[in-house]
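The structure appears right after this line, and notes come after that.
We just call them A, B, C and D in the order they show up, numbering each chain from 1.
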Amino acid sequence: MTPLFRLFRKPWIWSWLAAFVVWFLTIMVTLGASALGLSQAALTFAAFSVIVGIGQMFVITLGPGNIDLSVPATMTLAGTVALKLMNVENGMILPGLLVAIVIGLVVGLGNYALIKALRIPPIIATLSMSFIVQSAAIWTNRGLRIKPPSVLAEFTTSSTLGVPNVAIVALLISLLAWFLLEKTIYGRWISAIGQSMPAARMAGIPVDGTRFVTYLFCAVLASVAGYLLACFSGGAALNMGSEYLLMSIAVVVIGGTAVAGGDSNVPGIWGASLFMFLVVSMLNTYGLGAGIRLIMTGLIIISVIMLAGGRRAGMR
Amino acid sequence: ETSAKKIALSNNYAGNSWRQAMLTSWGKVTGEAVKAGTVAAADPFTTAENQATEQAAQIQNMILQGYDAIVLNAASPTALNGAVKEACDAGIIVVSFDGIVTEPCAWRIAVNFKEMGRSEVEYLSKKLPDGGNLLEIRGLAGVFVDDEISAGIHEGVKQFPQFKIAGSVHGDWAQDVAQKAVAGILPSLPDIAGVVTQGGDGYGAAQAIAATDRKMPIIIMGNREDELKWWKEQKDAKSYETMSVSIAPGVSTLAFWVAQQILDGKEVKKDLVVPFLRIDQDNLETNLANTQAGGVANVEYTQADAIKVIESAK
Amino acid sequence: MTFRLSSDALRLAIPALSLTLLLAAVFWLQPRAMSYVGLNLLFNLAVPIALATIAQMIVMAVNDLDLSMGAFVSFVACVTATFLRDAPVIGVLILAGAIATYAGLGVVIYLRNLPSIVVTLGMSFVWGGLAVLLLPAPGGQAPDWVRWLMTVKPPLAPMAIVASIVIALVAHLLVMRSSLGVLMRGIGGNQRSVERAGWSIVGARASAYGLAGLFAVLAGIALVGLTTSADANIALRYTLLSIAGVILGGGEFIGGRVSPIGAVIGALTLTLAGSFLSFLRISPDWQIGAQGAILIIVLALRLMLNRLEKREKRR
Amino acid sequence: MQAGMAGSMDDVLKAVIAVDGAKVSFGAVRALDGVTLRVMPGECVGLVGHNGAGKSTIVSVINGGLTPHEGSVASDGERLERYGINAARARGVRCVFQELSLCPNISIVENTRIMHRHLGGFGWRRRAAKIIETSLDAVFPGHGIDSSRAVGDLSIAERQMVEIAMAFSDSGIAPRLVILDEPTSSLDASLARQMLDHVRRFIAAGGSVIFISHILHEILETADRIVVMKDGRVVAERPAQGFDHHGLVEAMGTVAKEETGQRSVRELSTAPLILSHQAKGLPFAARKGEIIGLAGLAGHGQTELLLALHAAQSSNWLPERDPLVTFVAGDRRLNGVFELWSILRNFSIASLGDLSRRGLILAGEEETKGADWKRRIEIRTPDMDNRILSLSGGNQQKVLFARALATRAPVVLMDDPMRGVDVGTKQEVYAIIREEAARGRTFIWYSTEMDEVRLCDRVYVFREGRITTELAGDAVNETSIIAASFEGAAA
């Protein structure tokens, strides 16, 4: 009784429940025959949302107003440049990954420079940055689609023991994130900064350093996600990240992270990512038109947050 | 005589390879035209996001800048009418292509999107006389090209009732979105005989289907190189057969020449039609050879082509 | 005592100065813009953005953020181009219902203590879906009176300028001078104290959201008046534009610090920045990036002037 | 003798507000355990008690913000069934809350509009300005506050002045009962004096006041009757003449012995210099083991100096193994507590470096150290894992103290940290400070309370943002500090 009760007080439980209900409703159409296929697909595509979502979650934890809108553009730039560099050669996989990470670092640096040096609110700073990054992506190869190296393409599209490889990568990143948040000083610091920046400063926390690292982390995760996605879908496209703007925010908040900052959780990201994929699949499966589908998606998001967020305090 | 005339390209989106190819073609053809002194300038302008309001502002700026003609790929067939009307009132020639506008004072170089959708089903009916289930991949909801092609496909299904649309997803013309949407609906679908697309989503669908143990259906392809290449591989390996329909991005150059002809005082009908680009099993290799790696199958137009199109419309 | 500018006045001086600088640059690049017609062309599309910015600003005044603004304005545009023209009574009812829904959202967000970002994110799907249902393909037509209103040519100044001034003044009266405005900003500053003074927070939040809904509806109608027809995605950009407009105009995300006149100026600045860029004729590869750069420059200007303000205060 | 036997029928009839047997609990915490309190017209009731005794809670009940789970509220002999904020305000009940309860983003005039609901209609700005200015002039003559300024631009003392004036202001419904919950905590002596004088005038004119303060002499000289609370109950209730300082402390159940200004003069001028700073005015320097006071009128630059010292000595970019300074906040809502966190996490945040290995937090050590400090400074909570907000204000402040003292930083900066801390706790903290100073820690202490300043070895007096005087040894006494504080003004 009590453990169950305590489980229901976890902020992330609702996204998992919602994901499960939607999954169940979807497989019922085929009386369960699609269970395996659907689960695998869900794990595969949720993985990308999880990776970008975790980065976004760290940023959102920094407190009200902190958000990274440059995620899609960073994904695109990292994907295009890395694939161009690798040029279908298996030997270049590691340099490609390195370049993607460096791009993430540069974008993160740019973001924080704008936020700190020019005091531009993060939402606008990262938006402006994303325009520049997007232009850079266009400029580098004018939208030509280059194929990923065969080993990478193979790796990202196959499974190990029935679990998609990308999902395993996302799981490892989630574990790292969980560890950072729960067990390290850094995790305490970002939570403290999210609750009150002046208080964090006066408690001796290196506020700027911590925020800087967090923006770097988010941008690097976005570029890693872009790298993987480009390999998974057989080449980088200029618009490949656009979906992940709303997605990265939605999975964070549906997952039970406080939008007002200071409180985050990793399991919720998974629940929410699975949910966001499954809900579209469910509505597609039931053959609903685009209009109805959008309305249902919206209403479901609101109901989940109503169930989950009713009692928790939040600024917004 | 148009050597003193200035032409602007108003483009609403640059975020995919088709648009990039379109801009490249424009740059190539108009660059030569400017050098040859045919026109004084041919500047391309692009908005950051696919938004009618921003493009309307862009057109209004072009009016201020004193261009003589505006070549327009519109974000919306109707939402730019206000701005287009103001341009016309200012004595500017407006030629729309691909994404055309309904404002009567503008010229339209249109593709018959409905016919494009219908022809896909017609093709399938030849390959699959017994019919079967179809999966439809649509574009971006609320955009008119999506609505037109889809209407054509549904018309085709009515014409060939042996087909049934078993599922329909929106791929937003982005191949990763298409891949995701298809992967999500696929487990719940019965056997699929064919996939009808709007061009550009074929490879994503193929990827999603390849990830399952289903038999590969006939996927109608678009004109991106990766689609054609995949088709070629399948053709070589297991004599896979399909076709590809699309619009050549080089149509922007046709629009350029048409605008130039109008400026030159030629009588041109308001509605011109360009054929869509179709690739079949037998001319796949030639087309693939002409396509840049990672690019889009393309056709560029010359002044003579434009004159021919104008003449034939009369 | 030395003369001291109030912080409200300074909050306004900064965006006004950015706008002036940008306008000077545009006139220098394109002298043709310096005319009745030219100003109208430069600014008329800023009118709906200004209205949407005011709507966003009201939501921000009570410490919330509306991520559904763009979708909602698109929805209103669809209603305007269809029902409001063909069946005005039903059209008006739908729009009134939409405003009521906004007010209801304000209540639900407060009562259930929900993050407004998520609720409005969800609502953006709902409005988008409704818009697609109304207009699966672009179309419809603006009612004649709307078209007339947006294209009328008043003497002296073009409609775009007149409308902007009227919007700024009305919003200023509502938000900065009226009791309701004080109440809304008070909630943004310290909700608990407003509650302790015996006000109904539910009522105040409902009015704030309702008012925001009203301005957003006006934005949708004005937009259709300019474009003559609508589509389901017509104003999606307005979400970010409106937030950027509020910030450019000196507003802040939390704490109820907003400035309606600043917000209108912010919207004008954003629109003008776009024009400025096209007059510069940058290579198409970098046209998108330049939009980011100009946002950065305008905001950096704000920072510079903010420093001045601080120095002013310290004296 | 106006309030004789509590509970007589007569009293209930006359009482402005009578709370009978109020019980309130927050979860497991019994904040009020059957409190009966009456306030007569023309009477000032002093309310004292240790931190967490329930004073603020009874205030919330009277003010209508909290409905007691049991018990009743009556006014003018009439039992009020549906008592709420609006009913209370309609009866002239006004409240000054401990924490800032004005809206910082809007002007004083606009705040007045919010406080007085019925003020609306055309031309309200003019009326509101008149109301608040009249009241400010009455309570704090010569205040010099412009009512069109935004509250956020005011100093903390000015805000408190506005808030007090707001409570006494009359916009049609005259204030009958004004509740002051620690109103003087940020005011310096002269402003506090002005306020207390006004309270007496208000009482003389027939108004009633409930006055809560941890500064006992204020209570003793201002209140007519003193109610002592302890653990959610009233434990003593007598006319003010019936108490003296010692008796009051005893009634509150504080065991700590009183030490009034016993300060052994220590010779530290040879101790090594540990910190120096070029402030405005005289140079600032601190030696190892010194307790340095920052005195002067409130808001004259003391906090700014502390912030500057902190900023100069701690890095914003890189973590530091051995920070030189640590900070105890006075404005705990603004820069003290982390509201989402447990008490333990709030406590340990500043010393995580010592509680971790290679960036990994050692949960066991964190808990041990937390338990240790809970015992040392008696944080009243059953469990350090409870949320920090479940503590009363004074106990939260103790946690902030523990946070700073638990670090290894040799210099402790204190920004008027004893605001709202009860007498017993204060004595304990003073003892700890002395003990730590003896071991070589340096304390730099801004305080608005003279008793505290007198505990310091050396005092810098501030005036208009600059250090004007340095006092040491026997010169550290009330007369010379006050003289130094007003030096500039007299000139």
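Brief remarks follow.
Everything that follows uses one rule, which is that a residue touches a chain if its C-beta (ideal position, glycine included) is under 8 Å from a C-beta of that chain, and two chains touch if they have at least 3 such contacts.
Protein names from UniProt, one per chain: A, C = Permease component of ABC transporter; D = ATP-binding component of ABC transporter.
Note that the structure is predicted; figures quoted are calculated from it, not measured.
Under the contact definition stated at the top, the chains bordering both chain A and chain B are C. Inter-chain centre distance (chain B to chain D, centres taken as mean C-alpha positions): 71 Å. Taking the mean of the C-alpha atoms as each chain's centre, chain B and chain C sit 34 Å apart. Centre-to-centre spacing of chain C and chain D amounts to 43 Å, using the average Cα coordinate of each chain. Looking at chain D, no residue sits in touch with two or more other chains. Annotation for chain C: residues 131-132, 136, 287-288, 291 touch two or more other chains. Residue positions of chain A touching 2 or more other chains: 131, 134, 138, 142, 258, 290-291, 294. According to the touch criterion at the top of this document, the contacting chain pairs are A-B, A-C, A-D, B-C, C-D. Across the complex, chain B is touched by residues 30, 32-33, 38, 41-42, 44-45, 48-49, 131-132, 135-140, 223, 226-238, 271, 274-275, 278-279, 281, 284, 287-288, 291 of chain C. Chain contact summary for the complex, chain C toward chain D: residues 6-8, 177, 179, 182-183, 185-186, 188-190, 192-199, 255-257, 313.
Here chain D touches chain A in the complex through residues 310, 314-320, 323, 326-327, 329, 334-341, 345, 349-350, 352-353, 356, 359-361, 403, 407, 409, going by the rule given at the top. Across the complex, chain A meets chain B through its residues 26-27, 29-30, 33-38, 41-42, 44-45, 131, 134, 138, 141-147, 157, 229, 232-235, 237-240, 242-243, 277-278, 280-281, 284-285, 287, 290-291, 294. By the touch rule above, chain C contacts chain A in their complex via residues 63-65, 108, 112-119, 121-133, 136, 240, 243-244, 247, 253-254, 285-293, 295-296, 299-300, 303, 306.
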